[in-house]
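Structures given as structure tokens follow.
Shared between the two complexes below is chain A, which pairs with chain B and chain C, respectively.
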Partner chain A sequence: MLAYTVRRLLQFIPTIIGISLIMFCLLNVLPGNAALMAGGKRELSPELIEKMKKDWGLDKPLYVRYLIYMKDLAHGDLGQSFLRQEKVNDLLASRIWPTLRLAVSAMVIALTIGIPLGFFSALRQGTWGDSASMIVAVSGVAMPQFWLGLLLMLLFSAKMNWFPTSGYGDGDFIHLVLPAITLGLGSMALLARTTRAAVLEVLEEDFIRTARSKGLSRFLINRRHVFQNTLVLILTTAGLQFGSLIGQTVIVEKLFSWPGLGSLLVDSIFLRDIPVVQGGILMIILAFLIVNLVVDLLYCVIDPRIKYQ
Partner chain B sequence: MKKFCMYLLTAILMTGLMSSDVFAANSGGTFKFCLPYGGQVFGLDPHKSTRTQDNIVELNIFRSLYQWDATTNKPVLALADKVVISGEDKVYTYSIKQNVKFHNGRNLTVDDIIWSYERIMSKELASPAAVDIRIIKGAKELEQGKVKTISGLKKIDAYTLEITLSNPVDPSYNLYKVSTAILPKEEVEKKGAAFTTNPVGCGPFMFEKWVKGSEVTLKKFPDYYEKGLPYLDKVVFKIMGEGAARDIAFKAKELDATIVGANQYLPYKKDPKISKNMIEVAEMYTRLMVFNLDDKNFADKRVRQAINYAINSKLIIEKYLKGKAFPTVSFLPTTSPAFDSTQKGYEYNLEKAKALMKEAGYEDGFSFEVLCTTSKSYGVGVIEAVIPFLKKINIEIKPQLVEGAVLAERARSGDFQALTWSLDSGPDPLDALSRFHMDNPRTSRNYPGYKNAEFSGLIDKAAKERDYAAKIELLKKADAMLKEDAPLWFFNYNKAIIAYHPWVHGIQSVAPEMMYQDLSKIWVDAK
Partner chain C sequence: MNHDDVLLNVRGLKTYFYTLDGIAKAVDGMSFYLDKGETLAIVGESGCGKSITALSIMGLVPQPAGKIVNGKIYLNNDDILEYPESKMQDIRGDKIAMIFQEPMTSLNPLMTVGSQISEMILRHRRVTKKESWERSVSMLEKVQIPSPGRRAKDYPHQLSGGMRQRVMIAIALSCNPQILIADEPTTALDVTIQAQILDLMLRLKQDYETSILMITHDLGVVAEVAQRIIVMYAGKIIEEGNVFSIFENPRHPYTKALLKSIPKFGNRTEHGREPLQEITGIVPNLYKLGSGCSFCPRCKEAMDICKIKDVGLTDLGNGHRVRCLLCKSKREE
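Let's turn to the complex of A and B:
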């Protein structure tokens, strides 16, 4: 297992190099540049625009810029933000924690509600309970996050005054609640549907029939046989969901003024702050790769039949 | 009778006191304001900042030699008590206030002003404010690295500064900007790059906290040089780029005041409570369609005029923008000192438009492509509203939606037929109109590629004119000429609106940018 883990970690290197090359080329051939966007609503003088472009190395050939970027990357230096007067490493370091907090909280909501809801629904297939929980699940998947967030704000902030409408506060829990629910509801719905489908499939298996014929209690069957056998699929879905949640935080972060990676990335794309975009995307890819590796390793723990060499 | 006189006297006294600011204004409290332009504050070193969002915060931490006065709608002295102009209007001698302190407790002197201006001009910094300091004699030489100091800055004594300009221009429009703020040398040098995240100024509020991407908090500077100011104990700027989220936060009373977006304008105006506390101004941004004059279709002035006559701009403003804009007269907005109130804009006159098209030999019309963004006020929606109007004079327009960065690049390279945009049209009318000078290429903001020797002559003359009233007259003429030549479709002046709660007092109409509120004079009722 250790050898497998090391091998997988080494595979990260060509993946990251490949992605960085594609990303660098795509971002640098986009029309427009950061110097043109630096003034925001104001227009800057042409001399300043030219100076900025020169200072940022935008006058150099693309391959030279890529070589410089890769050299810096090898030293763990993601460069300097064009517009923010800060190192990209520092910027990302300050933004990754709020994003992780948000994504983990959303995932906790998704797991703690989604899995029991899926089980409940599958075990009561065809009843009104099943229909009701699936309506909730479908609605959760279908509802746009932006709209859901606004509804939650309107109800719980403007009307009931329970939570603040937006912001990060001092990192306190109360600011986290609405963004986490908004982000987590979609994943919760997806997990509920996946769990329901997986449970229904397992319930049809021979070993469940055998267990029933042996006279095992329903609780014991569900806990020992059904749950354990659906866990691989649930874990795969949850892992993939967590990876994409980090990318999905964009809308929620923008809406709730949450100081995370997603909002930083989107703003930087529109402003052509290429070093920040490159660094942010690399960070998200790295998080995705790590989560997938962890999920793969967890398979061995859940299912003893799975072994990595 | 005696009793009556006593009552009368008391009433007069009370009325007098009530109307005075000393009695009315309430000290203390926290003011929660929004930062609506995107999801970030980039940095708080005013010499490095380029963005409006950063400037909104900075102008409450820092002070420049001049500051914008919303009441008179022009820059006024801030750090100096008086200025004496001499040397053929090129030498300005300032008596600097002696009670100005930085937030670290040190007194501001002439040395700080000289150091700040030289920092701005230093080659290494590449400050966006360099363009403003360049008016001082010898500033360009420092920028080029030829000298080490600006020859036009002379310290007479610790509180008397003599500035010699290269040309006789009014420096107030350059030196009022927060990007030319006076900074304490020792703090900048001590903090280095960290100054941008932990700034020290001499403004009414001190920096307290910045939660990146979320909010910036400032606290009252008790030693601020204007007696009794600021009223507020604390200011919290909440970064809120989304209009819908701002709307909810304002209604939930989490914001004391907010900028009103296009989607909120009508509901707010209809709301009997909110509508009472809204303040609006014609901001110095003109929304327009730029015609590429190198395109043969736009070479004839009559075609451009026909387009202006054919579009019912007022109807589009009323129906599509729901009244959240002011119709244009020409390029300069109604708040500009050179706005000519006797002038009239292009009225909707289809017959005249058709006749002009016929005269120009374009009776059968033509088609062209318009670059635009998603902006509600001048973006793709506006173009869609224009399409049926131009169809009536046989012109077909095709909107091409692009990002702001792409639009900016193509405008500068001339790679467009027409584009819609919002251009700076103030506060200095000379600077605003100079962009259309024939010597300026597109990279210098003359996007239509407008070349009119007569217009440029007026601009040159205005630049040299030392009599203010005569200068304004020349600029009025230039603006009228620009309207007549119509290198643009003049659409609207931005109607910027701030809505505030009844407990907030002192919000002002700031024409250069409504969000540039001087919070030192704002106060809130005790809760």
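Let's turn to the complex of A and C:
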């Protein structure tokens, strides 16, 4: 398993090289550049723009820029922000924690509500309780996050005044609640549906009949035989969801003025601050890869049939 | 039958399935008994209701479609159909245990076989975890699994099909049940393994003084293990008797045809090349059973009256009963 983990970690390298190439090309053919955007509505003189382009190396041909970028990347240096007087490394380091906090809280909401809800639904299949929770789940999947976030803000901040509308505060819990719910609800709903399907599938298995023929109570069968077997199925969805949650933070962070990776990315894209965008995307991809690896390793822990060599 | 020895007595059992296609009468008025220490075989084609009979006794009829609509099942003179689910759970595994057809899928893939045996012992006996584990290992030894101490820690996927069926037997017998229901226990196994498993079951039956209700479509298995046979067709008993009278003197055309369809060793050298006998037609649709004998459309000896007249079981003496107008009329003559 250790050998497998090391091998998987080594596979990260070609993946990142490939993605960085695609990303680099796409970002650099975007119309406009940081020098043009720097002035905002104000026209800058052509000389100043040329000087900025030269300072940032934008006058060099694309492949040269890529090689320089890769050389720096190999040293762990993500470059210098065009517009902020900071190194990209430092900028990302200060933004990663809020994003991680948000994504993990959202995932915790999704897991702790979604899985029990799916279980409840499956065990009461066909009853009104099942229908009601699945209607909630479908609505959760269908609701766009920006809209849900606005509704929550309107209700719980503007009307009831329970939570602040936006911002990070001092990293306190109260500021985290609404963004985490907004981000987590979709995944929660998806997990509930997946869990329900998984439980119904496992309940049909022959070994459940064997467990019942042993005289075990339903509770024990559900806890010992059903739950563990559904976990294998749920884990896949949960892993993918966590990966995409990190991506979805872009919208939620922007909406709640959350000082994380997502809002940094959006701002930087509009300003064509390419080094920051590249760095941010690389971070998200790395997180995605790590989550996938962790999920694959967890399979191994849950299911004795899966062995990695 | 001697009533003191009757362990299980099923009276007029009807188990129906309510589906969108209509009502399927999977078990339609079964009455039979199982004596202490006896091996009774229920024989029939796929879909005749054998397995549902077994599941009805276990109280495990697939819900919500399946329902026991009528009948009584007496275990030691107590009607277990009257029992609440919690009391039924005490019976399952302890008094009546069951082995299923598919050893490959009947064990939980994520639990060691040892813990799958010990969870049964822990459920029904007051023992510590350690004791239950030791007993699981000794059960594995009894079903002749080599190095049982090590095997107990294996997961089902590490065992062969025959080994897994041995584990199933070990689970079923771990609480020393009065009745062992074996639903096609050897069907999914290789022929050589089949013989071993049957041998094992018969020997353990004597050691544990267990009665066996063997469900099978394999008449070869029946001849080897059973004392009495029930032949089922479309949810009903159509012939019942001890092994000798059924094999030597089958009376129902269906039983006769079944016995004829077994290829006999050496037949070709004696009688030359002959096609194998088959029963033409298919098992009737359980949703569309009309009146009259349900075997009638496939019966070579069918008369016009068979299509309309329902027929009860005729007692031919010596415990041999048959559901056929031919026998009835002969007896009445």
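The rule is short, and it goes like this: the second predicted complex is superposed on the first by the 309 of 309 C-alpha atoms of A that agree within 3 Å, B and C clash if a C-alpha of one lies under 4 Å from a C-alpha of the other, contacts with A are read in each partner's own complex, and residues count from 1 in each chain.
FYI, a residue touches a chain if its C-beta (ideal position, glycine included) is under 8 Å from a C-beta of that chain, and two chains touch if they have at least 3 such contacts.
Only a predicted model underlies this, so the values are computations on that prediction, with no experimental measurement involved.
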item	value
Touching partner for A:R305 - first (chain B), second (chain C), both, neither	second
First (chain B), second (chain C), both or neither touched by A:F207	second
A:L216 touches, of chain B and chain C: first, second, both or neither?	second
Which superposed partner A:D267 touches (first chain B, second chain C, both, neither)	first
Which superposed partner A:S94 touches (first chain B, second chain C, both, neither)	first
Chain B versus chain C as contact partner of A:I246, first or second or both or neither	neither
Contact set on chain A toward chain C in their complex	126, 205-207, 209-217, 224-225, 228-229, 232, 302-305
Touching residues (chain side chain B, partner chain A) in the complex	37-40, 42-43, 45, 48, 50-53, 126, 128, 130-131, 193, 196-197, 211-215, 238-242, 244-245, 248-249, 251-252, 254, 285, 403-410, 412, 422-424, 443-445, 513
Chain A partner contacts - residues on chain C that touch it in the complex	58, 60, 64, 86, 89-94, 97-98, 100, 102, 105-111, 119-120, 123-124, 155, 157, 168, 171
Chain A residues touching chain B - in the complex, by the definition given at the top	30-33, 36-49, 51-52, 55, 83-86, 94-95, 98, 150, 153-154, 157-158, 161, 164-170, 253-260, 263-264, 266-267, 270-272
